Structures are given as C-alpha cells and as structure tokens.
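Heads up, the next two complexes both have subunit A, just with different partners, subunit B and then subunit C.
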Partner chain A sequence: MEDAARLLQLVVNGAAAGCIYGLIALGFVLIYKATEMVNFAQGDIMMLGGFVAYSLIAHYGLNYWVGALLAIAITAAFGFALDAVILRRVIGQPQFAVVMLTLGLGFIFRAGAGIGWGYDSVGFNTPFTNKTATIGQLVLGQDNLSIIVGTVLLCGVLYVFFSKTRLGVAMQASSQNQLAAYYMGIPVRTVFSLIWAISAGVAAVAGILLSPVSMIDVNMGFLGIKAFAAAVIGGFGSIPGSLVGGVVVGIVEQLAGYYLPAGFQEVTSNVVLLAMLILRPQGLFAELSGKRV
Partner chain B sequence: MTEPLLRVNAIETFYGPIQAIRGVSIEVAPRQMVTVLGANGAGKTTVLRTISGVLNPERGQIVFEGRDIANMAPDQVMRMGICHVPEGRETFPFLTVRENLMMGAYTRRDPAGVVADLELCYTYFPRLQERQDQRAGLLSGGEQQMLAISRALMGKPKLLLLDEPSLGLSPLLVQQIFGIIRRINEEQGVAILLVEQNAHIALKTADYGYVLEVGRVVIEDQCAMLIHRDDIKEFYLGQKEAGVRGQRRWKRKREWN
Partner chain C sequence: MRYLFRTEYRQDTSLARHGGDFFWYGLLLVAMIVIPMLMGEFYVGELGGVFIFAIAGVGLMLLVGYTGLISLGHAAFLGIGAYVNSVLLAKGVPFVITLPVAGLFTAACGAAIGLPTLRMSGLYLAIATLAFGSIVGTVFQKWTSVTGGFDGFPVPTPTILGFGLDGATGIYYVSLVVLIFVLWVTANILRSPMGRAMVAIRDSEVSAQSMGINLARYKALAFALSAGMTGLAGALFAHYVRFLAPDAFDVLLSVQFVTIVFVGGLGSLHGAIFGAIFVRLLPQFIAIVRDDLPFGIGRLPGLEPSLFGLVLVLVILFQPGGINGLWLKLKHWFTAYPFKRQTSSRRQKSYAKSERLR
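Right, the complex of A and B next:
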C-alpha cells in the first residue's frame, strides 16, 4: 500500500514536471506548424517570462494573479515583436539559418537576463508555495498540483480558441496552406506573429507555474532541451502529442530518479527519445495525409 | 464601351531573371466571363497570380474598379473583391468542409449574408453539404474542386479568378462543373476570368477569349468566333478536317505567326 502511494506520488510529481515540458513543447509545435521554423529560444522565453513575473510580483509588489497575467501579456507582446521585427525576415531561408538565429537569440536572452536580473536564483511568493494537499495517504505539493491544473485549464482555453473562434481557425488555415490563406484575405504575416505571441505567452505561463517548484534563474531555459525531446516524442507537429510527450518524459524521469542509480535521471529523456525514434519515428500522434489530385 | 471591371494593361512579370509575361493586356467587363487559353508554360497561371498580387508585375498596370492594384498584397486584393481559385485546389486539408467555406468568408462582417451564401454554395454543390463535417483532405479531387470554387464564392467576389478547374477531373465531371460555373456567372452576376487548357469546354462556356503563347496574347475574339477559326481548331481543339489528305497538320501554319 505504501509502495502504491509512493508510486502515485512520483507519478504526480513527474506529471507536473512533464506539464512544464509539455507547455514548452507546445510552443515549439505551434511555431513549427505555422512557419516551419524551430524556435530553439523557446526555453529562454520561458525564463524571461519568469523573470518578468518576478519583477512585477516581488519587486513592484503586485498581487500574484495580476502580476502573472501582466507578465504573460508582456511576454506575449515580446513574442509578437520578435517575429515581426526579426524572424519574419528569415522565412524561406535554409533551416540552418533559422537554427543559428534562434540559438543565438537564446544566448542573447540569457546574457540580457543576467545583466538585468543578475545570475542568482530568485523566487517570489505564490499562493501555492510550500503548501500541501492531503488526499487519503497521498501528500501532494500544491505547487505541483497547480502546474497540472494550470496546464489543463490552459489547454482547454487554447483548444476552444483554435477550434471555435474565427481567428483561431484562421491560424490553423494559415498553418496548413499559406498561399490559400492569403487568397482568403487572411493577413498571414500578422497571424504568424500572433502565433509567436501565443507561444511566448504559453512559455511565460510555464515559467510562472514552475517558479514555486524550482527557482527562476538565467539557465532555466535549458529545460527546453527536454521539451524538445517531448515534442519529438509527440510527433513534432501534433499539439496533443507535445503535451503527452512532455508528461511521458516527466514521469519516466521521476521514476528513474527514484528507482535507478543516481545520474540516470538526467539521461532518461534522451533514452526515451532514442527509443521512440527507433520504434515509432513518426511520433505518438503523427498527422499524416497525402495530397490528393 | 463601358469601363471594364478589370483592365490588365501590358503587364510584364518575372520569376527571378526569367520573364514569364511579356506584355499581356486583358479586359473583363462586369458580369462577363472571359477565358485565357494556352499550352503549358504559356504564362496563364502567372497572369492570374499577378492579378491576385502573389507576384508583382515589373511593368504595366492592373486596374480594378478604377484603382491600380498592381502592387497590392494578395489579402488586400481579395478585400477589393477578387477571389482566386488556385490551380490544384489548395484546400485546407485538416479543416472540415464547412470550416474551409467559413474561411472563404473570413473578411466579411455580415453573419446573415454569410449563412445565406453557405446555403447558396450547398445548392450549387449538394455534395459539399453531405460532407460538410469531413476533413477537406479526405475529399475526392472533384469534390475538392467544388470546395475551392465555393470557398471563393463565400468571399462575395465581384471577380472570380479560376485556374484550371478541369485539372484531373473526369470528362463528365468537367461538364458538370463548367455548367455550374456558367450558372454562377449568370445567376450571381459575378465576372469570371477563367484560365484553361481544355480549350473546347472553355470556349463553349465563356463569352470572350484570349490565346496566350510564351507570355504574349496572340489572338483575342468572341468565343463563338474563336471556336470556328481553323488555327484554333487545329492547335487547341485537336480537330482535323477528315479526308483532306493534302492538308496534314505540319503543313498548316498558325495564322497569327
């Protein structure tokens, strides 16, 4: 019984970490589907979102919820500007140029954050910090639960947005066929910048949800590497896949950390990724369709 | 002579260093149906893409309702009232048929009119109504063509640009679709600029025709006249006068050369 409870606790903690990976992976996938660019700075945008929230809440003393919403909005605006000013110019260039550009942007963001906020880990008080919820024999951290609940809510909102609103469907349409979207009168460039804004906003949510669990520091963006594995496991291009992939990576990591010797935890995401690429290279949720004549 | 709806005046369009259009002039009057014929590589599709703003002409004007639209972006051109049905359908494969149609009405702000036009599309193409909740990528080629035409109609165009609607369809389906295109033109009063390789059906359906060869208009006339010209019959309709052994096709010259 105790073993079962422990296992469940590990799974919940893993799922919480996995939700963070999943949210970053979601940002990768949204941008990739729309513009066929892989944004390697996604993790660093999460870091920026976390720092902005830290400034607003710990420094300017805003209420947690107000500060969080404002930080999400600011990061989203930053994502919009990033595309409108910089990344729009490399559409159509070789993939390698995009990879170098976004990797470089990641470096710049880390350096900029270091200059602005310093290299020490920081944190701020949230309503979930150091609180627990007891369900039967289970003792779960509210911080972890808040990550899971927050991710589920965010996914619900995004699902409704993408499938029910005019702009959301137009975003899908622009991702699927750019030229036809232009012919429909959809301002495709603005739509793509808005997709960048959503990705950055989602990353900011991840950063804010993560802050009670692990501190905010300049290098937290390296989580993006595990999130990348999550996106590939999910079938790079599938939105539910990226979240499931994230949760898989998170849970496997937790279990490996508990049951396997020290050191295994760090490599498990890559082991899962390799296994996936060998067994099912198209990913868990591949969307395949041939063009008909 | 009334002012035409669309006047394309001596446009020249380049793909990089290659000149695809060498001074083409075309006019479409309100409610008129005009066709542009030509072989592969004659520049037909390029003319349409230049009109809809995907390509910008190096020289020449494109005047639509008195405004020069030559250097506008494609989404602005669409907002002027020109809807383009591209070659190869180009539907949104993962959206349902209905969502595809609603995307055609993306720029409109009159929900009642949109619903009415959706019904209109379903009366022209009942097959689309049967399949309205299916993903467009799962439709057959003919159904996708119907969807592409309907999607453009949803934008309430004043001018419809149709690029090779017969591509890859069975002869029977081509007959049906061209019949409906003609009805759309007459019943809705939409002017149509139709680009086709299938000269036979295009000349029978349209009012006025242009023949394009290597980026130039070589001949233009009423379709009823074009269809009886010997050179058109020979080179575009593939007809030979039976029994005249002395006049084999390689001895005949195109009259416009």
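Right, the complex of A and C next:
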C-alpha cells in the first residue's frame, strides 16, 4: 500500500511536470502546423512570460489572477510582434535558417531577461504555494494540482476556440492550405501572427503555472529541450499528441529519478526522444504522411 | 574581368580554375608556413585554434551548406574525438594512429545517430542531435573511470616520428595539414556524384529522389563525414586545450559551430574559413573592449552567447550570404567596375515551400 501510494504520488508529480512540457510542446506544434517553422525560443518565451508575471505580481502588487491574465496578454502581444517584425521576413528561406534564427533569438531573450530582471532566481506568491490537498492516503501539493487543472482548462478553451469561433476555423484553414485560405479572404499573414501570439500566450501560462513549483530564472528556457521530446512523441503536428507526449515524458522522468541512480533523470527525456525516433519516428499520433511535390 | 577559355581537358578536372588560383593559394600556403617563425607563441596558438575550428567548420559546411541539414550536437562529436584521441594516447597508442581512429570512430557515431533520425525531415536531425549532445555531455561527466569526470583529463603530449609536439607550433602545423587534407577531401567530394547528390538533396528532396538519389543513404553519409571531420578537429582540440573538462562540449559550442557556417556563408568552403576566423576572434575582441563599453555592458555574464545569438539573427535576416557573400559582392564591384547596379545583388523573392502532403 505504501508503495502504491508512493508510485501514485510520483505519477501525479510527473504528470504535473509533464503538463508543463506538454504546454511548451503545444506552442511548438501550433506554430509548426501553421507555418512549418519550429520555434526553438519557445522555452525562452515561457521564461519571459514568467518574469513579466513576477514583475506585475511581486513588484506592482497586482492580484494574482489579474497579474497572470495581464502577463499572458503581454506575452501574447510580444509573440505577435515577434512574428510580424522578424519571423515573417524569413518565409521561404530554408527550414534550418529558421531553426538558427529562433535559437539566436532565444540567446538574445535570455540576455535581455538577465539585464532586465537579473540572474537570480525569483518567485512570487500564488494561491497554491505550499498548500496541500489530501485525497484518501494521498498528499498532493496544490501547486502540482493547479498545473494539471490549469492545463486541462486551457486545452478546453483552445478546443472551443479552434472548433467553434470564426477566427479559430480561419486558423485551421490557413494551416491546412495557405493559398486556398488567401482565396477565401482570410488575412493569412495576420492569422499566422495571431497563432504566434496564442503560442506565446500558452508559453506564458506554462511559465506562470510552473512558478510555484520551481523558481523563475533566466535558464528556465532549457525546459524547451524536454518539450521537444514531448512534441516528437506526439508526432509533431498533433495537439492532443503533444500533451500526451508531455505527460509521458514527465512521468518517465519522475520514475527514472526514483528508481535509477543519480544522473539518469536529466537525460531520460533525451533518451526517450532518441528511442522514439528510432522505433516510431512518425510519433504516436502521426498526422503527416508524406511530402507535397 | 577574366575570361576562361578551355584549351585542355585537364582544365575540367583541375581543382584550381586558372593560374591566379595557383598563385594566390600558394602564396597563402607559404604565408601560413612562415608565420610561426615570425610571430609570438600566443598568436601561433590562436591561429592554430582558428584552424581547428575551420576543420570542424568545413565538416559542418558539408552538412549544412551543401546537404541542407542542421546539427545542433557537433560539440558532442568534437568531444568524442577529443576523448577517444586522448584516452588512446594515454594508453600508449601513437598519435599517427589515434588521430585517424578518432575521426573514424566519430564518423561511426555520426552514422549511428544519423541513420535512424534521417528517415524523417531534416528538422528531426536538429532535435535529435540536440538531445544526443546533451546525453553525450552527461556521459562525459558521469563516466569517471574513462573521462575523469569533472576532475578533467590531462592530454598526453603527442609525438610524430620521434618529434614531440609540445608547443603551440607543433599543433599549428598538424592542424594546418589536417585542414588542407579536409579541404581537399571536401572539394573533391563536391565535384563527385556524391557531392552533386548532396546539393540536389539540399535544393529539393523530392526532385533529388525522383532522379534516383537514395535520400537516407546520402544524408547519413553526409552526416557521418561531417561528424568524422569534427572528430578530427576534436582530436586536435584536445591538444590545443591540453586539459579536457566535460562541460566544455555543451550546446553553446554547437551553436558556435553553426555560427561559423552561417556567418561565413552557406554553401562555400571559403565561408567555413571566414566563419572560423570570426568565431575565434569575437571572444578575443570582447575581451579587449569589455572594459571600455558603456553602461557596464561588458560586465554582463551572458555577453558572449547573446552576441553570438545577435550576430546569427542579423546575418540570417540581412546578409544570408554571410562574409563570403559580402566578399563576392565586393569582388563583383571591382571586376565589373563601373557597371555595378543596384539590381546586381538583389535577393530573389522567395516563397514558402511546403513539405506537407494533405
């Protein structure tokens, strides 16, 4: 019984960490589906979102919920501007140019955050910090639960947005066929920038949800590398897949940290990623089947 | 302007296009041979570092500039080459054997990682190599019985035919020879059907495949060759730093290698050399001007990586040809003088290419 409770605890913690990976991966996938670019700076955008929330809540003393919403909006606006000003210029350049461009942007964001907020870890008080919820024998941190609940809620909102609203359907249309979307009168370029905005907003949500569990610091963007594992497991192009992949990576990582000797936990996500590429490169939820000539 | 007339069949297969090439490259070679006799130990060492980075840069150029794939894990290959070379040397194997073995072993590692990941689009290679680099970095740290972990690994002094290569000058000459060898191999590969196949893959995978090119084979071959050359560079790098620390081979170093290729100019061997010079000189330049910068910019801890990031972004946005592209424009201005026009170097309008099928 003791063991089962222990295992369940690990699984819940892993699922919470996995939801964060899943949210970052969701950002990759949204952008990849629409523009066939991969944003290597996604983790750093999450870091920026976390810092903006920290400024608003800890410095300007805003209420947690107001501050969080405002931080998400600011980060989303930043994502919009990023696409409209920089990324739009490299459309048509080879894919690896975009990889390097976003990687370089990530370095710049990290330095910018270092100048703006310093290189120390910071945190702010949330309604969930240091509180626990007891379910039967299980003692769970509310911070971990808040991540899982927040992720589920966000996914619900995104699902409704993409399937029910006019703009969401327009986004789906432009991801599927740009030219046809143009002909139907959809402003494809603005829509792409809006997708970048949503993706940045999702990253900000991840940063804010993560803040009670781990501190915000400049190097938190390296979580993005683990999120790649999540995205690849999901098939790089499937939104539910990225979340499932994230949870898988998170749980495997927690279990590896508990059952394997020290040092294995940090490489688990990478090993899972490589194993996935060798065994089933198209991912669990394959959507892309071939190439257009 | 120079007009080339073909008068002999031999001209078609010669590496040098005309007499001027022989003259200028010969002059450069003589200068490189003479330099250690004229300059101080420090400058010779730095120039040796440039050669080592140029070797890795040529390897990466073959992959990124000619095959159109990107690797974010070349620091790991540099590390593998460095450790294989040093561990074998410490076991008493002569340097003449450890150097090629380091290259071949790294190439085998490259093939092993390339074969499974290259079945998918080139994007997966970037992600897989990023993961691979981080795994290899952890292995260097944890496998203390071989690598010494964080205590480091002192690199033994190599000897060639009884001569000990202990100073910067010895490594300088060995690096120069290896660099020339690597350039010669790459230039020849690029003229062969294999090189043509790689360029075809870069320009369009679909049309390359429809011409009967085995995509997975050539991509894996390019990746293995690239890794092997980086392994050679790693073996020399071990002697350049003389003391191996496992955390030297991190993502930042991989990004520096890719910066070599992008800043130098994609798709040209000259670019790999220009890029290596730039990447090696930038930290030196920062060190010199650090104290004179306004607003305390020089004291920021993340200055170097962010400058690399900034340069990368600016080059991709405004000068996709890199330093080599600038040089070609300058040369064109002189050779065509006074007929240079605004439109001579205008970029072609490019459109988004989709790789999807739906």
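Just so we're on the same page, the second predicted complex is superposed on the first by the 287 of 293 C-alpha atoms of A that agree within 3 Å, B and C clash if a C-alpha of one lies under 4 Å from a C-alpha of the other, contacts with A are read in each partner's own complex, and residues count from 1 in each chain.
As a convention for this text, contacts are C-beta pairs under 8 Å (C-beta built on N, C-alpha and C of every residue); 3 or more make two chains touch, one makes a residue touch a chain.
Everything numeric in this text was worked out from a predicted model, so none of it was measured.
On the superposed subunit A, the positions of subunit B and subunit C stay apart, so the two partners fit side by side. After overlaying the two complexes on the shared chain, residue contacts for A:186 are found with subunit B alone; subunit C is out of touch. In the superposition on chain A, A:93 makes contact with subunit C only, while subunit B stays out of contact range. Among subunit B and subunit C, the chain that touches a larger number of residues in subunit A is C. Touch criterion not met for A:121: it reaches neither subunit B nor subunit C. Contact with neither subunit B nor subunit C is seen for A:130 once the two complexes are overlaid on the shared chain. In the superposition on chain A, A:110 makes contact with subunit C only, not with subunit B. Using the contact criterion defined above for the overlaid structures, shared-chain residue A:166 touches subunit B, although it does not reach subunit C. Applying the stated contact rule after C-alpha superposition, one finds that A:176 touches each of subunit B and subunit C. Of the two partner chains placed around the shared chain by superposition, neither subunit B nor subunit C is touched by A:63. With the two structures overlaid on their shared chain A, subunit B and subunit C come no closer than 6 Å at the level of C-alpha atoms. Residues 176-177, 289, 291-293 of subunit A contact both subunit B in one complex and subunit C in the other.
Note for the complex: subunit A touches subunit B at residues 166, 169-170, 172-173, 176-177, 179-188, 287, 289, 291-293. Those residues of subunit C lying in contact with subunit A across their complex are 64, 68-70, 72, 113, 116-117, 119-124, 126-128, 130-132, 134-135, 138, 141-142, 202, 205-206, 255, 258, 262, 300-303, 305-306, 308-313, 316-317, 320, 349-358. Interface residues of subunit B, counted against subunit A in their complex, comprise 52, 54, 73-75, 78-79, 83-84, 86, 88, 90-95, 99-100, 102-104, 106-107, 137, 139-141, 144, 151-152, 155, 168. Listed in rising order, the residues of subunit A touching subunit C in the complex are 35-36, 38, 86, 89-97, 99-101, 103-108, 110-112, 114-115, 119, 176-178, 218, 225, 228-229, 232, 236, 263, 266-267, 269-271, 273-274, 277-278, 281-282, 288-293.
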